[in-house]
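Okay, here's the structure, questions in a sec.
Note that the chains are named A, B and C in the order they appear, and that numbering of residues resets to 1 at the start of each chain.
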């Protein structure tokens, strides 16, 4: 049984959905030694999130941002927590909708993703700053 | 420590929410040997998803489809990624809302689900085709 | 490799979002012995859910409830599963949106949460009653 745990810092990104698969992979090169296992990718924030989706077209990621802004509108009359800015409370809700973590299967030393799956960092604040991610991978080493 | 990892193919289903608990269980019969553990069920696609919900009434599953179509409408003016059909971009968003994976506790050789919990395959495309699912279970064998 | 699995019962709470981090932590005191690992927190119900979000301001939790009631309205004409009350079907959908489980990294004997992250019990029914949660923690003991 092998355990790998590493904290990485993702550089500040503009509000929107960003492909970060390679950054996550590069943070845990020891993954290559695992024949079978799981990787858990966890963001330590409440106004940004992680999801898996289409890794090819930038317009898919733009459409995620458009949909999210419609579904969780900044201008809604029901927000009471407004002292941190109009983007703050919607960011909290979006963060819980998409979720703070991903768990990925590991097979033959790699994330066993589908052809079109990539890891999105979902930045829900206008100025979210850098984001801390804890990657925990564990499994059985190749024999 | 026991590891079981298996890829299964779920047959094509119509757009909507489908109960697949038994298919997932049958894919990993070795589960019966685990006294304690976890099972991770992962779909390798970006336009279908997995969720847990009520395992009894078919009208609950129909209502999930109705709600999803209201919340992520095909006809919205903000979609820019439309070249793969009007059901494509909504399918991507729905897939991320419900999520690509489930992690379930294993106790005494079985998924430790609540009485009413069943695994849904959420097919968000009109013609999604067959869907690949990777089940990874691990834990301690009964003694 | 250490495995800890425990079922706890959360007392009945009113409909809304409730901070339960300490109750979850106290259920697995053996966590303190794990140098590295993961904790899986799983709710065995289909009308309540778990999420991570801001652990300080009660108005954030109130705004989650307001948003959820807008996004999944009780009065929608498309609900067909209405025999268990007008709060039932919306509760099922909300439960799948926020999700039935959280997976948290463990580092140095503690949940490796961000400063502002807390565990919410999301009670989606008017009278949900008590809620069963299975906590499964596993990892390597400190040496």
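By our rule, a residue touches a chain if its C-beta (ideal position, glycine included) is under 8 Å from a C-beta of that chain, and two chains touch if they have at least 3 such contacts.
Because the structure is predicted, anything quoted here is derived from the model rather than measured.
With chains as nodes and touching pairs as edges, the resulting graph is complete, every pair of chains being joined. In this entry, chain A maps onto chain B through a rotation of 120 degrees when their C-alpha atoms are superposed, rounded to the nearest 5. Two copies of one chain, chain B and chain C, touch each other, and the residues they use overlap weakly: the shared fraction of interface numbers falls below half. Remark: chain B and chain C have CA centroids separated by 20 Å (rounded to whole angstrom).
For chain B, residues that reach two or more other chains under the stated contact definition are 1, 71, 97, 99, 103.
By the touch criterion stated above, chain A contacts chain B in their complex at residues 1, 36-38, 51-54, 57, 59-60, 62-64, 66-67, 70-71, 97-99, 102-105, 107, 112-117, 120, 139-140.
Those residues of chain B whose C-beta lies close enough to touch chain A in the complex are 1, 3, 5, 40, 42-46, 71-72, 76, 78-81, 89, 92-93, 95-97, 99-101, 103, 132, 134, 136, 138.
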